[in-house]
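Shared between the two complexes below is chain A, which pairs with chain B and chain C, respectively.
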Partner chain A sequence: MSKTLRLQIILGGCVVVAAVLIFLWKPTVLIYGVQRAGLYAAIALPMALILGVVHIVNLAHGELMMVAAYITYYLSRSLGVDPFVAMLITAPVMFGVGILIYKLTISHAVKGPELNQLILTFGVAMVLSQLVNLLTTSQTRKISLDYVTASATIGETSFGTYNFLFVGLAAAVLIGLQLFLKRTRLGQAATAVGQNPNGAEIIGIDVQRTYTIVVAIAAGLMGIIGTFFLTKFSIFPAVGGAYTMKSFCLVAMAGIGNLPMIVVSSLILAVAESSIQAIPGGSGWAPLVFFALIILVIMTRSFRRSS
Partner chain B sequence: MLKIDSISCSYGRLGVIHDLSMEVGAESVGLFGPNGAGKTTLVNAIFGMVPVKSGTITLDGQDITGKPTHEIVRSGVALVPQARELFPFMTVRENLMVAAEQVPHARERSSETLEEVVSIFPILGERSRQLAVTLSGGQQRMLAVGRSLMARPRVLILDEPSLGLQPSIVHELFSILGEMKKEISILVAEQNVRESLRSVDRGYVLENGRIVIAGSASELAHDPEVERSYLGL
Partner chain C sequence: MKPTRTTGSVIALWVFGVLGVFVAVLPLLAGPYAQAIGRSVLTYLILAVSWDMLIRSGQLSFGIAGFFGLGSYAAVMAGKWLGMAPILTLLLAGVVVALVAAAVGSVVLRLRGMYFAITTLALAEIFRIIIRNWNNFTGGPNGALLSGVIFGGNAAATYTLMLVLGVLAIAASEWFEHGKMHFALTAIRNNEVVAKSSGINIYRYLLIAFVITSAMQGVVGASYAQQFGFVTPESSFHMNYTLIPLALALFGGMYTSWGPVVGAVILGVLGEYLKLYIPYGHLIVYGLIIVLVLLLMPKGIVGLVRARMREVSHD
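And now, the complex of A and B:
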């Protein structure tokens, strides 16, 4: 048995043991952890598509979700429809926003060093959140929906079930993206562009068009995910920033380009977070644990590579 | 036929190609010259990767000057670049198939073309499930040539195909190119004049962005200037 395989089995075993212990300790911790993992994975997957597959750094990722949530909020309010109906407009609008952002900004930095994209999209993030701030003020907004409070009771444990929707959403986004990358001509072209843009150009791929569509797909997905987010959480202009950071970390932790690992990383981090929060007085420690775990994983990985 | 009519190219103010004309018909044509003569610039200009300042490039009468690279590929020109430019983490087969997918007229015949390419380069069949990055330099070159053929081009351009390869593989590659010229037009930019003169019908010698000698392969082989500068006689 190879050394890495043994290490993986040991690590996998530890995770399973930890999960069982947590479940015996407080079943809701595991349930809420899984639900939260769904949310994290759903948000991180579109970033994994553009960062991991075509290597575009987008620090305005969470802001795209925020903008989408606001669009759905106002559509839903003014048309008097359910947010999920408004989403049918939000998603294509966000697809368009993705095209616009790519054409106006990222396309000019795509051939330069990645640091340029980083700074550029950081600027885009500021513009988006400040724009929303100017238009709608920084007041927190929320849509109250009766189906969000659905809950279930198993034995003596009762818990909210609505957030399992995020698990389904993450699974749908993952499967959709995998099918897109493996089965469609555009998806294969995107993989080729990510591995070698010059080579892609030479075999007849329109590289700029591929970048544009991939960014637009990610933005369109944020249109859907932003709507889901709005149904459960309050929104405000700065709500996206934390999710940009978390997505970025999840993509780094999963390994660039590895979409299924995003789900695994999300599970580990989200369950760790909700375990900490379950300890009295622990909720303030959750972000610390999140980022400490990420530092640990990335350090271990670079240590393994260099040794 | 690929026809280049008095084109000039420059990087900023530095002229690299000056008023150059040449053509490639149903044949194999060599493009020779020292480092910095402008061979790669010319190849990249044909391929839309270096802007053409003046002059025209036509493919079977259709003007392709200044078109984007992907359109030039779709109209029937394929390039085997000096740096190979493969997709390192795709398998050999994926590298080949993704190239056929991009060109409408090649797409419907992709499995047939794949068989043809594998019969030309059997090693690509044996290694079809291996990642491109794990191939040796010579095998990667074969894959780069094979990949360009997947687009079913009318004109195939190769930029320094012998670079970094051991002599026996260079010899093999040029015999294959010699066979292929029956099917498609070939333009090969090379420094290895001795080997390439065996497979080409005609050749041009490029110096400082201008054609200084043009002639058939045998004329070039016996040209005193070519003998002295390139064949080391």
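And now, the complex of A and C:
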């Protein structure tokens, strides 16, 4: 225990030193890194919930966000309302989509080998992105809102402030999920099911219902997160894929089941990406960072296992 | 231990064999359009067979598109910069992809299961980004052109090449299915701990299987690129090359050589018609096939036929 604590202190120290150095080098890199970390953490947290707490691998995670963003896009266009108003419809709809996807597909693979879950949810991801492609073509879409261009100036650096909203979003999702898991009966049941599905069933927990609701909550959260995503970024049918992989990277870095650590792993990924983007000619290489981190995680894990 | 063959299964084997040779030779008699369809079927057939060879060990690779694209690029770069003969570039692509797969596999195969699957899923994207950024060698976002295509574009010759590669792939798969490899990989799939305690070096067998199957995917990519004479980051690493082979292998039936072959022939031919009717978004069909097959007939067509044959022989 003291060994892991010492390791965590050393690791934390390194992160703080790196942050200070980056701040002295280019303050905007740190600011944009923190903003991006908010986005990443918000997207990764629902995956951390279903992968870490009830052990369901969902490769359609990013696609759920993409579908949510499209629903909000068309709602807000056709009703002429702000995306955040449309979100009030999108989130419940996505909750329903979550129930549907669980009942129709994942529920049949929950007890089987992990392999089947992976192939199945890969199939679901492909169906979702190709369905959107078929319905709306692969053209990129964007909603332009005037409030997203808000900016602030401190000293000589000026930067966009709207993206701090993602930090708030991530905090809200994290706190909400922690309260759900610790304070509600359903959340406690979810933790019990994750630890031992058979045991949970014996003590009278409706396991299938718990799985269904946890997946639906994750999907509903993606309804909210997809809307936030849409307000700032362009969307297209394949936009979600990269976020599935980045979310997995973050969950693996944090340690599967450890929700608060997602914040730290998001900060590492996001600040590393924005640092590389700040180097001249480096912006093209930033999408490789998450892969390097996954490889690093696998190497340390396997090293720890063998020693 | 193999069950003794019944008369019924011997007849079935002969019918299947004769039919197979007939189907394989038919495009050579039927003209260029049939040969084009045949080439496309064989391309996906080899990818599906190679994917299945690895999944027999319980390792799910989503890296097909990545290795396919890497093979395509290796072949075109060798032709462009070294002026290598097209047929030799296929070999070179196989070697390049084998080396890359060995490097990736030696790390990722230490943590298996979902870590392996998701890391390989990222490979296509990772290779694509590297190739797009490596502008002065690969041609960057614009891709690269060859001055000519393999065999001067002779359809019958290229079909024959793909047919030879297809037969080689099936032979490799049969070797995996019947040799020492089969027992090692099946043991690993069924229970790693038991396999390990029986003295199987899990890591080594998985690495060999991963390198061989990835190299096969690289050679297919190379032959594909040589047929069309160009590569681009977007087209060469397209998700198709992962999605379609998976759907074909599942549809035909996983964990056998003939499942992916049957799946590729049936769906490959149907897929060509599908492309004509739904040019955009026809890929949704393959996604649906993956989901439906896993839920409704996890053993695929070959599994269904086998169960039916068993019923008949018991009657």
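In this text, the second predicted complex is superposed on the first by the 301 of 307 C-alpha atoms of A that agree within 3 Å, B and C clash if a C-alpha of one lies under 4 Å from a C-alpha of the other, contacts with A are read in each partner's own complex, and residues count from 1 in each chain.
One rule holds in what follows: a residue touches a chain if its C-beta (ideal position, glycine included) is under 8 Å from a C-beta of that chain, and two chains touch if they have at least 3 such contacts.
Keep in mind that this is a model prediction, so the values were computed, not measured.
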Determine, under the contact definition given at the top, whether A:Ser78 touches first (chain B), second (chain C), both, or neither.
neither
Under the stated touch criterion, which partner chain does A:Ala189 make contact with: chain B (first), chain C (second), both, or neither?
first
Of the two partners chain B and chain C, more of chain A gets touched by chain C
Which holds for A:Gly204: it touches chain B only (first), chain C only (second), both, or neither?
first
Would you check which partner chain A:Ser151 touches, where first means chain B only, second means chain C only, and both and neither mean what they say?
neither
Okay, in this complex, where on chain B does chain A touch?
47, 49, 68-70, 73-74, 79, 81, 83, 85-90, 94, 98-99, 101-103, 147-148, 150-151
Which stretch or stretches of chain A touch chain C in the complex?
57, 59, 105, 108-109, 113-116, 118-120, 122-127, 130-131, 133-134, 137-138, 238, 241-242, 245, 248, 252, 284-285, 287-288, 290-291, 294-295, 298-299, 301-302
Given the complex with chain B, which residues does chain A contribute to the contact?
185, 188-189, 191-192, 195-196, 198-207
Sites on chain C touched by chain A in the complex
55, 58, 60, 62, 107-108, 110-111, 113-115, 117-119, 121-122, 125-126, 129-130, 132-133, 239, 243, 246, 250, 278, 280-281, 283-284, 286-291, 294-295, 298
